[in-house]
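Taking it in order: structure first as structure tokens, then the write-up.
Labels for the chains are A, B, C, D, E and F, by order of writing; each one numbers its residues from 1.
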Amino acid sequence: MITSGYGDIIREGLWNNNPGLVQLLGLCPLLAISGTVVNALGLGLATIATLVISNTLVSLLREHVRPEIRIPVYVLIIASAVTAIELVMNAWFHGLFLVLGIFIPLIVTNCAIIGRAEAFASRNSVPRAAVDGLAMGVGFTGVLVAIGALREIVGQGSLLDNAHLLFGEWGRDLRIEIFPQEHGFLLALLPPGAFLAMGLLIAVKNLIDARLEGRAAPSATTEPTAPAPSQS
Amino acid sequence: MRFRTRTSPHMVPGHSVGGLMRQVLYALIPGTLAMAWFFGWGVLVNVVLSVLFAVMFEALMVTLRRRPVGVTLGDSSAVLAGWLFALAIPPLAPVWVLLVGTGFAIVVAKPLYGGLGYNPFNPAMVGYVVVLVSFPRELSLWPSPEGLADASFTLWQTLQTTLTGRLPEGMDWDAITRATPMDMMREALVSGQTVHEVTRSPVFGSFSQTEWEWAGNLFLLGGLWLLYRRVITWHIPVSMLLSLATIAGVFWVIDPDQFASPAFHVFSGAAIIGAFFIATDPVSAATTPLGRILFGIGIGILTYIIRTWGGYPDGVAFAVLLMNMVAPTLDHYTRPRIFGHSGDGRG
Amino acid sequence: MARLVVRDVVITTLLLGLFAAIGTGVVAWVHSGTEARIIDNRLQMTRARVTQVLEGVDYDNDPVADHHRLSDERLGGEDLPVWIARRGTEVVGVAVSAIAPDGYSGDIHLLVGIDRTGTVRGVRITQHRETPGLGDDIEVERSDWVHDFRGRSLGDPPIERWRVRRDGGVFDQFTGATVTPRAVVRAVRNALLYFEQHSEELLALPPPEEDEVLTIDPAVPEIPDPATPTEPLPGAAPPGDTLP
Amino acid sequence: MLNAILAITGLALAFGLILGYSAQRFRVEGDPIADQVNNLLPQTQCGQCSYAGCRPYAEAIAAGEADINRCPPGGEATVLALADLLGRDPKPLEVEEKEKAVAVIDEQTCIGCTLCIQACPVDAIVGAAKQMHTVVEPECTGCELCVEPCPVDCIAMVPLERGLQDWRWSQPAPSPIEQPRRARRKATEERRESA
Amino acid sequence: MEYALILVSTILVNNFVLVKFLGLCPFMGVSRKVETATGMGLATTFVLTLSAVSSYVINEYLLTPLGLEYLRTIAFILVIAAVVQFTEMVVHKTSPLLYNVLGIFLPLITTNCAVLGVALLNVQEAHGFVESALYGFGAAIGFSIVLILFSAIRERIAAADVPVPFRGSAIAMITAGLMSLGFMGFSGLLRL
Amino acid sequence: MQLHHFHGGLKLDEHKAESTARPLLTMGVPKYLYVPLSQHIGAQTECVVEAGDRIAKGQRIGRAKDYICANVHAPTSGWIRGIVEHPVPHPSGLSAPCIKIETDGRDRWGDDRLEPWRDWRERDPRSLRERVRDAGIVGMGGAAFPTAVKLNPRPGKRIHTLVVNGAECEPYITCDDLLMRTHPEAILEGARIVSHMVGAERVLFAVEDNKPEALRALTDAVASGEHDFIRIVSIPSVYPTGGERQLIKVLTGREVPSAGLPADLGMVCHNTGTLKAIREAVVAGQPLISRIVTVTGPGVREPRNVEALIGTPFADLVAAAGGYRPDVDRLVMGGPMMGFAVGDDAVPIIKGTNCLLATRPQDTPQPGPVMPCIRCGECTRVCPANLLPQQMYWFAKSKDFDTIQDYGLFDCIECGCCAQVCPSNIPLVQYYRFAKQEIWGREKERQKADLARERFEFRQQRQEREEREKAERLARKKAALAKKDSAPTEKKAAIEDAIERARARKTAQPAEERSAQDRERADG
């Protein structure tokens, strides 16, 4: 990671090194707040904002921080950003604020954010850090929304339910009903459903990666004959 | 002269995995027939459909992985998983419950881990719990034997109900279903009655308890036969039933009005079939002798806790899953003392 | 051991302090800009709920600012809030909180709107942990069942028929779940009984002082969010106030 | 607002003081992880990992700069051991694992230039200037570093001989149901051919 | 009795990882080996309990009196970061042995949401001092238990013939899902 | 006598009657013998004869060049026809150096024959041990460990009990049984010699209770002699009660500690065949050149025991037992539980060959495909070492060698019980053998790596020192004189020169080689 172009940074964030699917960071909100698309989107937007702000600030200040207080300072920056965002949500998106509950302040400890601060922002210039924050944030939100959509469709047969929480009253019309709620597959909304959906998504990503690679090198598509000695 | 080389031992092989599984299937037959006798065709319909689905899913997964289908199906473990799942759900459950349940049992809980032998969780119980939490309504509709008798449910009607999820014209769920003894006990205790009142109530004594006990006894018979055939070892069933009876006994002695008797706990619900057929699933249970005893004890205690204080009426399935989780850790810490070592089994 | 370099310690300390000061400053500034709206938002939630259960009652005050606390066995708890709807100073309806202790999996919290005549104007479940997909049909979002209570009173149906159908009453139970509706019906009935016994006191409750209405009163009881379908889901726990 | 700033700043100052002090009070030198990593590397010192020997590679791994799959002499076993130690995912080796070999100097051709002696990281070559050189077989790690510098190309890498004593039981083939059908067919064919 | 209930609730019924979705990153990240999982569990238990207590003190004696509740997140995370960093330095210096076991995990704990989560939930549920400490302790024990169980399962899965796309984190997620399915059995327990 | 139990074990179909029905047959001398140089545990024997040598029976042809090693003697008289690579009985199926002997049919002893010591009681243990060593005796119970080493008590270990292993617990094998029936006195005398050698006060002679005739013969022999300190013990037949550790547990209730030896309990254990060989070596002066082999199995026509010279091809033994039945497809050396299948019946018998077992497909039907382990725990139930074979299998499969050792891999005696009962047909023992050897291999590599590291670090220090010194020298030099530097070019020129010379030599080489080959041909 010496110098990579912006294109690389974006590709990393969105796919190759996606914080949710690959780095397995920020899992808590990813699983907890992905019951519906709207919740996911709300939290995702808040996370993007935090990531961009924190990455920018950390990059800006990277020269001035000493190692023994590095973490406290990053955490302070992030916490301030999150609290400000939280207050704003509470004021203007109160319904959503209530639904997201404790997970807004917990953005502070979203490992993806501090992880980016440590791994990227503290070593890169401000614009690059900001782009990285954006890319990672969007990558994270993408996963969040994907899981949200999956769980919402399977679990309650709708999409964009409660959109008014995010978009105001006109959002109510956005709701798409695919089948009646009582035929929903409840498991998807329960905690196990979140884990299973996430596992499925990771597998799908692996599959796509393998396909892509397979196209590049057409021979290596079959499974190895023996279980790999040790994976996981 | 040249010969084939193969590693030792060079003896006639003993038994096979498929043979083992089929013995378990045989042992299930009497109990299953008893259930069918009391609860109608639905039981058999469930078994047949679930086994069919299970085998189908297994074949599908194996094909997707480009592995030999014949060998995998030949081990009969999918049949067994489907069968056990079918016994856990109410006889008139709609077909999608069977599909989802066997799907989770066979697709998620098993081949995703590599198939037979690798699954850390009991597939049948995963399937059952998934449908239990997803379709609690369908899963709480146990027909009462007498209700069915009144309506004289035919095989055709049963099939109709299963396939459409709706009762035939002119019938009403409320009329033909009744809470299971386990449910009734729970419901009554929740609404402040005492155990005594529940067991005395004519409804309780006259119908459900006896039927359930009969089915239980026949499963017990099958289980004992498995023990005799050395398909299972005594560790898990004995420790599970003993611990369940013990903890139930303790609370029962403390307050016989609030807590049901040990006999009730052992002979109602899924305790017997759980002890002999489900907790003993070798793949997902602990594998060391001491580990197995602890595994059984854990299931017994958790079953009691969930039954008595939990949100679900019967805890065996959850207890099994929870202890499946603990099994690898148990195995890790309960190694037998190796020959020639002092102290524990660490080499 | 290395010697202490005091300068380093001081720099470290000041640096951290500086960051803290800046961060806090920004947050405090944002807070001052959003404070009023946040308080209003909180009251708004409660207001909406109370309005729902007092449907059809003609009142002109803001019940949220007009609340009291009640304790009674029939209501199932201590210090339960009640909101008063008035026209002028006259009490025209009350929104009583109640708790049904005998749900399938624990307490069910409800809000019962009763008008002067002792008729139910609306019932809402505010918090429960019944089995998702079975007992949770008591939620208005999932079924119309609670609307059955609208317009009922102690005489309609007669008190002995305030039960679920299986127990010989007039209210539907859910297929496969009798316990939950039974508990709710009983709780609503008890709330009505309580109202009947205490209607005089309730109807005579004094209005609040004029200028208290919109000050920040930490004692304003909030109605918990309608329980989300599944108990274990995070967020189902009443979000309450992480922030004032 | 002032309250807020004062309170949190005070808190931060207090923590800053504690941390600044303890950072010095509790300073520890050295990097134990690098040592542990180094212990797992084969010490062939061949530089195929692109570092100047095993130790530098170990330090790079410990610092999180290098992947764990770059040591061909260590092979799969080393990758697994490193993954285990560091809690990282094992990856397939970057380069093919090589057969173990030792250097053998063609004593006829050797001109005694000592260049190979200088190249050998483990002093496995003996000989004096202008005299014939020899590789001490048990000490040679097979790193091939001596091959390149030899001006007369007299050093060859010879695979280690494997006799009955070195024969090892192989890991049994995986079960047929753990193999894709195609592979299985191939295996049966092979068996038929060999029979 | 009430204290016992808090413990049972945090460990089983409202398990932080499997039910409340807190602390998932370390749950996924450091569960490959039983030994490391045990180390992580120990470290987390220590830090979580300590930070639950300290954040209670800060909240009760600094923030609430000054009416600064909205600064909770900042104050708490500051406390946590400091506690963690301090613990790390002290352990590193005083007990190399313990550091070997816990050291590498300590920095990770700052970003474990369970820690901040406990602090915030303590305030939300209006816990007193002892309750706060117990809540933190119980949460940490619950976390450690499932972490260790999970790691033992993962050690087993490591040798399993898992389909290729599911190898690694996907199957781990699914395992966590099935574990959480098991924990559903505790829902409604004790009417908590 | 109070007997004890060990955990696990199996009751197996014995199949012993087939081969005991016929009397012992002493085989003639075949035309060629192939005597492998490595027939035992330990270093390979060094050959001391050359092609063309004339040898006499009992002449030493291979010399033990190491402590753990054994001499090899000519089984009969004849000529050495070379040291050839010949298939040997080994699970690898590989070939190994064997001494090829063309026999002369005269079976003539040489002049340097060992002197018979009928007065062994007067000899001191050391010289007796020397005799055992000279005679090239190795354990004949299977492991083929040099017996002299076992009989050499380690300092501080007093041996009080000699355990004679007449269990012969594996199915099919009856060579010990037959030996006990026919030569009880010789075995008992061997036991007395060994007791004398190690100073044992008692002899526990264990025989499984499925050999009543051997038991009777031994009891009679004991009763007729003055062997009061020898005790014949009938033990229940459970496989693998003949394993040294299991046998000691059964007899005494004590367990040989994990990494220890029976000597740690003051015991030493020997096979009946070994004792007989010791007796022959001491009393008759005869080295170990022949042994009794059970040739049996449903694949041979007339299962029986034969006494054959070391180096006789398997095929000859089978022919002596009536030849193969049709369809034989597997030939095993050793018993069905621990033996290994050989690919070729040209391999010769060695000192440790106790049994040849030939089977047909219908006798050991294809066990069905290997299935994954279902953790049924059967293997745990039968494992005599009380291990968890299923867990060890798991770790061997995932190559987690640290953990597998933690689970007691090296306590596994490779008895095969686990593999026998495994419903999934997993070749468990092969996994353990694989893991053991892999661990040994890695240990060797580790040692090598440590050595390399030391040398590397040493070199680095040296280079640093040299650098420093050089810098100092240079500085001094610079200070002293700032003049010419012709030395480097001089050196370079010298090197160039040398390269030139080498090149010339290299081009000349092919010719030299050719001439060398010619010379060889002329010699041959």
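Here, a residue touches a chain if its C-beta (ideal position, glycine included) is under 8 Å from a C-beta of that chain, and two chains touch if they have at least 3 such contacts.
Everything numeric here is computed off the predicted structure, so don't read it as measured data.
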If a chain touches chain B and chain D alike, it appears here: A, C, E, F
Pair with more cross-chain C-beta pairs in contact, given A-E and B-E: A-E
Far-end chain from chain F, centres as C-alpha averages: C
Centroid spacing, where centroids are CA-atom means, of chain C and chain F in whole angstrom: 84
Chain A and chain F, separation of their C-alpha mean positions in angstrom: 63
Chain D and chain E, separation of their C-alpha mean positions in angstrom: 37
Contacts with 2+ other chains: residues of chain B: 4, 7, 65-66, 71, 108, 114-116, 118, 130, 133-135, 311, 331
Multi-chain contact sites of chain A, meaning residues that touch two or more partners: 32, 68-69, 72, 76, 79-80, 83, 86-87, 102, 105, 186, 190-192, 196, 222-223, 227, 229-232
Residue numbers of chain E (touch at least two other chains): 19-21, 29, 32, 70-72, 74, 78, 81-82, 85, 89, 120, 124, 156-163, 166, 168, 171, 174, 178, 181, 183-184, 187-188, 191
Sites on chain D touched by chain F in the complex: 38, 41-45, 53-54, 77, 80, 108-113, 121-124, 130, 138-139, 141, 151-152, 154, 163-165, 167-172, 175-178
Touching residues on chain C, where the partner in the complex is chain E: 20, 23-24, 27-28, 31, 104-107, 129, 131, 231-232, 234, 237, 240-244
Partner chain B, residues of chain F touching it in the complex: 6-7, 12-13, 91, 93, 171, 245, 249, 255-258, 260, 315, 324, 328-332, 334, 336-345, 357, 359, 363-365, 367-369, 371-377, 380-381, 384-388, 390-391, 405-411, 416, 419-425, 427, 429-430
Touching residues (chain side chain D, partner chain C) in the complex: 1, 4-5, 7-9, 11-13, 15-17, 19-21, 23-25, 27
Residues on chain F engaged by chain D in the complex (per definition of touch): 38, 44, 88, 90-92, 94, 96, 369-372, 396-397, 399, 426-427, 430-431, 433-434, 437-438, 441-442, 445, 448-453, 455-456, 458-459, 495, 498-499, 501-503, 505-506, 509
